[in-house]
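Encoded as structure tokens, here's the structure I'll be asking about.
When the chains are written out, they are named A, B, C, D and E in that same order, and each has its own residue count from 1.
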Amino acid sequence: MSRGGGAAARLGRRALRVCALPAGLVALWWAAAASSRSYYLPAPDAVAVTFAEVWFSERILADALPSVVRLLAGFALAAVLGVALGTAIGSSPRLRAFTEPVLEFWRAVPPPVLVPLLILLAGIDDAMKVLVIVSGCVWPILLNTVEGVRAVDPVLADTCRSYRISGFTRLRTLVLRSASPQIMAGLRQALSIAIILMVISEMFASSSGLGFTIVQFQRGFAIPEMWSGIVLLGLLGLALSLAFQRVERSVLDWYHGLRAATRGE
Amino acid sequence: MSAVLEVTGLRKVYEGGGRRVEAVGGLDFTVPAGQLACLVGPSGCGKTTLLKCVAGLMRPTSGSVRLAGEPVTEPPPDMAVVFQEYGRSLFAWLSVADNVALPLKEKGVPRARRAELVRRALADVGLSDAAGAHPWQLSGGMQQRVAIARAIAYEPRVLLMDEPFAAVDAQTRAELEDLIRGLWQRLGVTVLFVTHDIDEAVYLGQRVLVLSASPTRVQDDLAVDLPDRRDQLTTRGDVRFTELRARVYARVQAAKRGERPAPDPSAPPAPAPR
Amino acid sequence: MTGRGTRTPAEGGASPARTAAAGGAAGTAPLGAVGVLAFLAVWELVPRLGLVPGRYLPPATEVLAALAARAAEAAFWVALWDTVLAWALGLAIAFAAACLLGFAIGSLPAVRAFTTSTVEFLRPVPSVALIPLAVLLYGTDIGSTLLLVVYAAFWQIYLQVLYGVADVDPVAEQTARSYRLSRWSRIRYVTWPSALPYVLTGLRLGAAVALILAITAQLVIGSPGLGREIAVAQSSGAIASVYALVIATGGLGVAVNAGVRLLERRLLHWHSSVRTEAAA
Amino acid sequence: ACSGGSGGQVPEAGGEPVPVTAGVIPIVDVAPIYLGQEQGFFAERGIELTIETGSGGAASVPGVMSGNYQFAFANVTSLLVGAHEGLPLQVLTNGASSNGEQGGDFGAVVVPADSPVRSAADLAGAEVAVNNLQNIGDTSVRESIRQDGGDPTAVRFVELGFPDMPAAVETGRVDAAWIVEPFLTQALESGAREIASNFVDVDENLSIATYFTSAPIAAENPELIDAITEALNESMAYADANPDEVRRILATYTEIEPEVIERIRLPRFPAEVDRGSVTTVAELMVADGLIDAAPDWDEFYR
Amino acid sequence: MSAVLEVTGLRKVYEGGGRRVEAVGGLDFTVPAGQLACLVGPSGCGKTTLLKCVAGLMRPTSGSVRLAGEPVTEPPPDMAVVFQEYGRSLFAWLSVADNVALPLKEKGVPRARRAELVRRALADVGLSDAAGAHPWQLSGGMQQRVAIARAIAYEPRVLLMDEPFAAVDAQTRAELEDLIRGLWQRLGVTVLFVTHDIDEAVYLGQRVLVLSASPTRVQDDLAVDLPDRRDQLTTRGDVRFTELRARVYARVQAAKRGERPAPDPSAPPAPAPR
């Protein structure tokens, strides 16, 4: 087979992998919607038509774009915060013991009751919404970083100690790298949580945004429109996760290599 | 020569998981600066434990380790350790060359010199070709040689090696032995070298410390009175070499059988099996 | 070789630094209490110093008093129980499903490849957007709360399981294969223990999310529980009450975490992260 | 809670009471139904009433649509939008109305004490908090501005929950807020200034919220719905006549502080929906583009 | 006796990470049922790679491995492997006894017999005391012995061992050598044994395969014509032993220097192994 043919076949296989199950699920949805005729469960074709009407318009710029910007800002902030805090807490059992109950407390507070407090502290503008996103998606990053840092191989830690590698170098070459598989798991979790919290943050003190629009559709009983918004959220999640996968592949290059290597692939 | 390393009443007891093991049961010895001392002893007797205590990586249950008069509580500067678990002591995310270069970087060796040291160390252990590879792309023996290269590129003043040649073939092993001896002579390093190979201990060392089964004590402490210039053919053919080797072997066997250091440590040497 | 230290045998023994820092099971509780006290002190001070109007953020003592007053009423405990019930049921279902699917799909790379896009599509769908659907399907009682709880918590645990399954040491895996351990045995004896640290993290994440969703669902739908109490207090402007209930919620979270930590010490005593910290 | 199973039963005096579930929001406006329950207006008619509280339309409309609630409480605008979107909603009776007092109504637009805003017209260019956008709040506030001679298109609205409004006004996070009780009293007592009674500006008899059910439920069990409507009407009349009773019952299902309960302003509880005011609201909504046309009144109102 | 293991044209090329290594470069050999064959070769030549291909754990780039006529695509039944990375092949979450017992359980060995097998295997490797410990509470040599105990308790028909004695002391090593020979004689196991110790290869094996540097080929294939009854003292003292040892040493050295086997891959077959 020619090289081009091989690439095309690979692309085809990949497309099949990506689309097969969603296609099946949409078919199922169709069947369910057709049999239930429920007002709240429109058929996928109706949603598709609505999707085009609603989102192929200036709305995508006016509502979706600022939301996505806030989402990314919140995610980035949470990543920095989660990794920094997680590294500190993971490296020191004392600090962990000291902070854990308080952090666990905050982790269990639902955003809808946290938001009023944030409004009080940060106002009602973008800052508050970014904070809401941070407040929700920092946790998986933090927890995974803590666990990843705790699990640093003791032999490697001793190696660093014996060569007196400490401080920033140790952090960069030992701690963060060896915890990176778990940190990546946390970041991947956080990405979709960030989307969810983007919606939640816009349920409060908003007048525009993707989440706001969806909630507004829901309140206005514009059900196909609401579903089209949810579909958009899903697509956004899919796109972000694909982008994230690229980053992960390069960051965890060694990790996947190591795994494949031992199996002799 | 002033005693550089003093081990006094060193004891280490592992506790936990419903198990209590007295690994090191009261060790006393000193190693003068610039000496190359080999440690032999039965499997599981406490050699690794001892080495870790000396390196300041593990706190002894009691007793003390002093280096140049200072108590060792953390890894002292200019010390390099080759771990028994060589594979796990390499950074999987760094290339072989970066693994070797990392401690040098931390030590502040300028870039050009660093590159030169790394190049030479890798060449010395026969891994020039693998500089760009990741550790997990290497065979076990190659990984072990990377760990050795890292230690020698570091140009330490104290070198602790825990069975560093366990995974390499006989020929490479001989070359590495000569490499270590060369390094030791060139830099005047103090070396503590754990090995299971009795020939190797006698060939390499100025002195062989035989440890008893755990809780380990010093079963025997032999000076190796072979000439300083050694080479694989003539030294190993030397009658004195054979004698020393037989003596060490007998002592290790005694240790293995569970004999404790006799009040009189100068027991008659047993016949050499090999 | 250079695996990650998660499951490989290693020398234990505490290094000096670790020993100094080791908390141990008994050592953590007092430190944690200090942390809580420090937090309460800051909370007390912020409104007292006027950094935030005390009307809208009552000082900690006032809120604790409100909590104490509530705790004297049976209704509070009933609400607490309702919340705990919805939470525990939802979490249990989500956990079981996520582990089952996670281990099954995670150990079948082909299936994993086929499901990834769908998973990534479904994960960011907010549970709150599903509330009308949930109410329509299950009414306003525990059923719809459960649906939301399970949906949200499931993804958290599932993703952790997937990463955990991928983190099995290949040498351990090959050992198992060479002894022809069946797929089930490999999962049971090799994959499951090596993935446990991820699973427990997933459990902790899922537990908190389940609690949040249980509360939120009760708050919005009005099924009985702490969430509904919060809704009532909120719409009455009873701010101290709201914060008192929030404390109760957070307290539940702390308790749940303590439970998982205990579980961790039992299940992961062999793991380097636990044993190096526990070493004397 | 639940279910549609009770749908087929007819209440009979002396027979087995029929379980009925109602969805409400735990606010001042629903005092009559609690009073009615307490006074036995429902029990008398063979109805065993369970009141469930939720946080508004998100649960109450689907709750009724799914047959989970036999009836529920919601504001008129939401119902108009729902009916416009084709949901078979049917209004049973009035829920709460403006008390018609200019400057003394239970909902008002307030500004911080030091605000330059003096009257509704000054709100042009300001940011005003309302609890829900595209709902009765922004619609009525625009009307206030219009009547005061201002430009209703120049005002910006932002969503904020009522409970968060007093703080937002006091700390100046928003220029103004449309607030209802008990938060109105709270805001006024912490220094906010009242500048408009937006309900009264729309219609001094404005019907703000109503009790509703769905057409299928009503069609399936007309006697039960009739009985419920009667009980509701009686409850409304009782509440309208006994404001002290309203204040008393508030202490049982809300957590409003007793002193605040004493001072808050109450809505009025006429049993009849004021058709004119609803028409006005519908027209305003058409003008604001929320709906295309007012729904057919006879279908909408049972 | 029928050939149990046939390796034909086996090649393995590692690719990835910008590196391409032809580790095994076309191997052909057969091992009759019940033979104990030792593999020696320079570090990094491809011994581990070969063993993994034989075990069905790695798919060769080309060529094939057949066991009793069947192509090996996955680990065949009744095979035990002792990995070079012994530490990582132990399950940290199981006690030593459970590590040994797990494959037996999977094989369906009844509980009582299992306990007996585990007990005996641990006693054989000198770890009776450590049965309840976890692998990470053991020294390197002890861990390695656990891996060996697991393999022998399994009573396999094919036993693949990758430098299984690298981490134990000389005395223990001698004991383990005799243990393996005893097992082999008792059960008629087919053994492929990788080692760096040339003495060990000659002492243990019926045949020594010398591999060239990578891409590895069979450099030499020697039958070890020592009597079947061997013991550490007399066998190692045997003249024939010394001869064979010298021969293997010379071949390994040649391999290390990079000498390739004769250009004609269909070289005349080496002397019959048995």
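To be clear about the criterion, a residue touches a chain if its C-beta (ideal position, glycine included) is under 8 Å from a C-beta of that chain, and two chains touch if they have at least 3 such contacts.
Only a predicted model underlies this, so the values are computations on that prediction, with no experimental measurement involved.
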Distance in touch steps, counted as few as possible, from chain A out to chain B: 1
Leader among chain pairs (count of C-beta contacts): A-C
Between chain C and chain A, distance of the C-alpha-averaged centres to the nearest whole Å: 17
For chain D paired with chain E, centre-to-centre distance based on mean C-alpha positions, whole Å: 83
Between chain E and chain A, distance of the C-alpha-averaged centres to the nearest whole Å: 48
Multi-chain contact residues (two or more partners), chain B: 14, 16-17, 48, 52, 56-57, 74, 85, 87-88, 91-92, 134, 136-137, 140
Multi-partner residues of chain D (each touching 2 or more other chains): 58, 61-62, 65, 161, 163, 167, 171
Where chain A touches two or more other chains, by residue: 40, 116, 120, 153, 155-156, 158, 161, 178, 203, 218, 257-258, 261-263
Residues of chain C that touch chain A when the two form their complex: 1-6, 8, 10-12, 15, 17, 21-23, 27-29, 31-36, 38-39, 52, 56-57, 113-118, 120-129, 132-133, 136, 155-156, 159-160, 163, 166-167, 170-171, 174, 197-198, 200-201, 204-205, 208, 211-213, 215-216, 219-220, 227, 230, 234, 242, 245-246, 249-254, 256-257, 271-273, 276-277
Sites on chain C touched by chain D in the complex: 53, 55-56, 131-133, 135-137, 139-141, 219-223, 228, 231-239, 241-242
Interfacial residue positions of chain E with respect to chain A in the complex: 12, 14, 16-17, 49, 52-53, 57-59
Residue ranges of chain A in contact with chain D within the complex: 39-40, 116, 119-120, 123-124, 203-207, 212, 216, 218-223
Chain C-touching residues of chain A, taken from the complex the two chains share: 17-22, 25, 38, 40-41, 92-94, 96-102, 104-113, 116-117, 120-121, 139-140, 143-144, 147, 150-158, 161, 178, 181-182, 184-185, 188-189, 191-192, 195-196, 199-200, 203, 211, 214-215, 218, 226, 229-230, 233-238, 240-242, 258-259, 262-263
